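Paired with chain B in one complex and with chain C in the other, chain A is shared by the two complexes that follow.
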Partner chain A sequence: MSAPSIPRVHFTELSARERAKALLEAGTFRELLGPFERIESPHLSPQGVVPQSDDGVVVARGTIDGSPAVILAIEAAFQGGGIGEVSGAKIAGALELALGDAEAGTPVRPVLVLETGGIRLQEANLGLLAIAEVHAAIIALRRYVPVVGVIAGPLGCFGGMSIAAGLCSYLIMTREGRLGLNGPAVIEEEAGVAELDSRDNRRVWDIMGGEQRVAVGMADTLTEDDPDSVARAVREAFAAGLPERHRSAKVERYETRLGVIDSSQELDGQKLRSIWAEERR
Partner chain B sequence: METLNFDFPASRPVSRRVHVGVVGSGDLEILLEPLEDERALVVVRTSADGFGEVWRNVLDRFFSRNDVAASIEINDQGATPGTVSLRLAQAVEEARS
Partner chain C sequence: MSRGSTWFAALTGVKPAGFEPASVLCADAKVGDERARFLSVVPNSEARFPRARGGELGLEEGWAIAWYVREVMSDDEGDRRAIIAVVDVPGQPYGYHEELLGLNLALAASVNAYAGARLAGHPVIALVVGRAISGAFLAHGLQANRILALRDEDVEVQVMSKRSTARITRRSVDELDKIAREVPATAFDVGSFARLGALHHLIEGVNADEPGDADVERVRDALAGAISSARQDATDLSSRLESPEARENRSASLRVREKLAEQWNQ
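Then we have the complex of A and B:
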């Protein structure tokens, strides 16, 4: 048996636009509010920050397994994927349109490609409002159709958008991906380097990396970092249909989980897995 | 942030509009569109102030070697002259493919 000679393409090396194309069936990609619409942030330029023509969010329609879909992909390279008024409104607006379609009996499959530090600090309040709208839209939409989140790259998903990730019906991660309410640099800044050294990659990924998040049930599927594997995981998530109960609705489960943790003891990823494994059935 | 405007003589039109790149560290995005006039009109918004002469030199060289009648918008996050030239070449190639 010889190794395949086809060069491997990493999903995380793709731009947001290329990622959206990779998740949709070939030839079906159609962008809404693309770069030439020039719906850019009005808040960045007055603060001396160069804006981007799509404000860092790609909204794309197309099909997944023959069904209409909408991909909302955040561009990690622009402002650390930070959500501002416009980029947030693009995500919330697209989800609200999908909700309208679902209520009319013609559901559209929504996929969020999350690569973001959360709020874009230059437009903090407006970004917060937009993210609240994203949360509300996900909760309304997930009654009709699974909302699928993908966290692929090492930037990860933090802040208010980590809550959006938590609200998704299914969450797909790679080993490189990270998920947390606060990013490691914020934890170090607030609680001190003894609490968490944000440059200790092994420890950071041990806590919030994709493998750990899937192992403890905070995310559903661990996938390889290549376009076909991620696209397959997305198709499988929709094929699974709506979950019996969404993760964020299992309040008692997480209260129980918090209850069994002794915060006076040092905790690492493995220990957390074993503590929580007992109540995972 | 600084906004710079340039105007170069040109005669060869492009057939379609093209978007390349991203406003990420050391990179830039280019929006290139067909233009009726026989000129290359370039608007640059750059995060690095005080590099107007460098931009003029880089763009002068590019448009002296490439005849492109087009409207070109550049949003730059500190790209080097080499990256600027490559992105411009990429945009022109895609606009003519």
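Then we have the complex of A and C:
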């Protein structure tokens, strides 16, 4: 007889709401603009799309390591995590309130749980403006407190929100997570299958998967895909305090890194790791 | 010549050649009685990364913009120079190497630089003279205190080209045009974009392709007005939501913020 096995909980299988709960201290989760308030997108029904009562973003207050925190978790199951007017305003608005608290000397720890294909096409320029406001708020806020991003997968983080990920003070990924400006299917559509075969998972994860992004320094922490490991990585990121210099501000470093690339040569994830490891010496 | 090159040359008097990378033009020139830094992204048929030869905002462009903006920030101590993004960008490049080498971070670098300059008190002005598409506009224009645009049928603001949107949403171009008439956020024309309230001023009656002296003067005056308005206002993006157009067409953005503020500390 074998001992009854304890089913392993995967962070990647949790909904946005469950993810927010998992990152906050037990019993402290409090949702703002929850589903019962029915603040949904006014733009979807007229285009034949059924809206969702939270518009696919969970805003939750609570504590992390005893400090006040706010989690902004995107739900991939609704419209591929696409950012529309309401979901975008929930993220930008919460970050703006966190900024107000930080300026008043009572910082709140902000965590973005990013699972999104980018802008929701039905809301187009409204999503674009909202994402610009998310970027602005992250940059203003991270002068006071680290802004921590989590990309767990399986969808990953693309489009304008991948730029938001690039602005985060710390980025935590699992092996399942992917981070890129353009998603593989869009690259194949626009540039052809010879540029990238979006069904070739090995190649896709080789360029934009969590392990590769951490190995080349475009994300900070590779974590196991379970709630405790992700929550620990988030706590450790805040414990580390503000980085000396944010990744998106390291212009000389990345201009040097780009400069050593021979763009006529075929590159892959492993080759890039060794080229950039060489450049560091 | 692309519109980005044409307007850069017209406003600065500097030839759009000899820059490294050749796709990012940068020069300082007078606006009214002050000096401002102009930046423009233009096509470069010999770009190192072939997917970014048509004026797209790619790896080299994102980091180069960040470098030029930061140079202004470290040079200026007292008077903070205005920074003017001349916008004619068809989008970001779609490529294997681009993603591998961190296109999202290159665009974050220029977003970071423009927003940092704005927060430090540099008036940042976007002047849309052509296309302002998607990630490229986020990285070059959308962090500005003030956005100006020419009223012209080839001035377009959108998140994806019309062709790609049709393919991805499985709709015909005709269907998209019909939706755009009802949902201004999905339209391409700058007049529809203006209805969302983020534009400071739509400049009328200017020849966008071959500007004459009077056209250039009119645009320079609009830039001077935007700079002085930005200097007297907050360094965040709040003015975009305060406009009458935003009150009407971005009411959900405002309502969400009000409700969040009510529930923030309960």
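Please note the rule applied: the second predicted complex is superposed on the first by the 274 of 281 C-alpha atoms of A that agree within 3 Å, B and C clash if a C-alpha of one lies under 4 Å from a C-alpha of the other, contacts with A are read in each partner's own complex, and residues count from 1 in each chain.
The rule we apply is simple: a residue touches a chain if its C-beta (ideal position, glycine included) is under 8 Å from a C-beta of that chain, and two chains touch if they have at least 3 such contacts.
Please read all numbers here as calculations on a predicted model, not as lab measurements.
Chemist: Judging by the criteria at the top, classify the pair chain B and chain C on chain A as clash or fit.
Modeler: Chain B and chain C fit side by side in the superposed model.
Chemist: In the superposed arrangement, which partner chain does A:Ser248 touch: chain B (first), chain C (second), both, or neither?
Modeler: second
Chemist: Looking at A:Val59, would you say it contacts chain B, chain C, both, or neither? Reply first, second, both or neither.
Modeler: Only chain C; A:Val59 stays clear of chain B.
Chemist: Should A:Gln122 be classified as contacting the first partner (chain B), the second (chain C), both, or neither?
Modeler: second
Chemist: Using the superposed model, determine the angle chain B, chain A, chain C defined by their C-alpha centres, to the nearest 10 degrees.
Modeler: 110
Chemist: For A:Phe78, using the defined touch cut-off, is the partner it touches chain B, chain C, both, or neither? Pick first, second, both or neither.
Modeler: So A:Phe78 only meets chain B here.
Chemist: Once the shared chain is lined up, is A:Asn182 touching chain B (first), chain C (second), both, or neither of them?
Modeler: In the superposed model, A:Asn182 contacts chain C only, not chain B.
Chemist: Regarding the shared-chain residue A:Val86, is it in contact with chain B (first), chain C (second), both, or neither?
Modeler: Second partner only.
Chemist: Output check: A:Thr28 vs chain B and chain C. Expected answer is one of first, second, both, neither. What do you get?
Modeler: neither
Chemist: Quick one: chain B or chain C, who's touching more of chain A?
Modeler: C
Chemist: For the overlay built on chain A, what is the smallest gap between any CA atom of chain B and any CA atom of chain C, in Å?
Modeler: When the complexes share the chain A frame, the smallest chain B-chain C C-alpha distance is 15 Å.
Chemist: Please write out, lowest number first, the residues of chain A touched by both chain B and chain C across the two complexes.
Modeler: none
Chemist: What residues on chain B touch chain A, complex-wise?
Modeler: 1, 17, 19, 22-25, 27, 29, 31, 33, 45-47, 73, 75-77
Chemist: Chain A touches which residues of chain C in the complex?
Modeler: 48-51, 59-60, 63-64, 66-67, 70, 92, 94-109, 111-113, 115-116, 119, 134-135, 137-139, 142-143, 157-160, 164-165, 167-169, 179, 182-187, 192-193, 196, 198, 236-237, 240, 250, 252-253, 255-257, 259-261, 263-264, 266
Chemist: Along chain A, where are the residues that touch chain C in the complex?
Modeler: 30, 32-33, 37, 39, 41-43, 46-47, 59, 61, 85-86, 88-90, 93-94, 96-97, 118-119, 121-133, 135-136, 139-140, 143, 159-160, 162-167, 179-182, 186-187, 189-191, 195-196, 207-208, 216, 218, 246-249, 251, 254-255, 258, 261, 263, 267-269, 272
Chemist: What residues on chain A touch chain B, complex-wise?
Modeler: 15, 34-36, 45, 48-53, 75, 77-79
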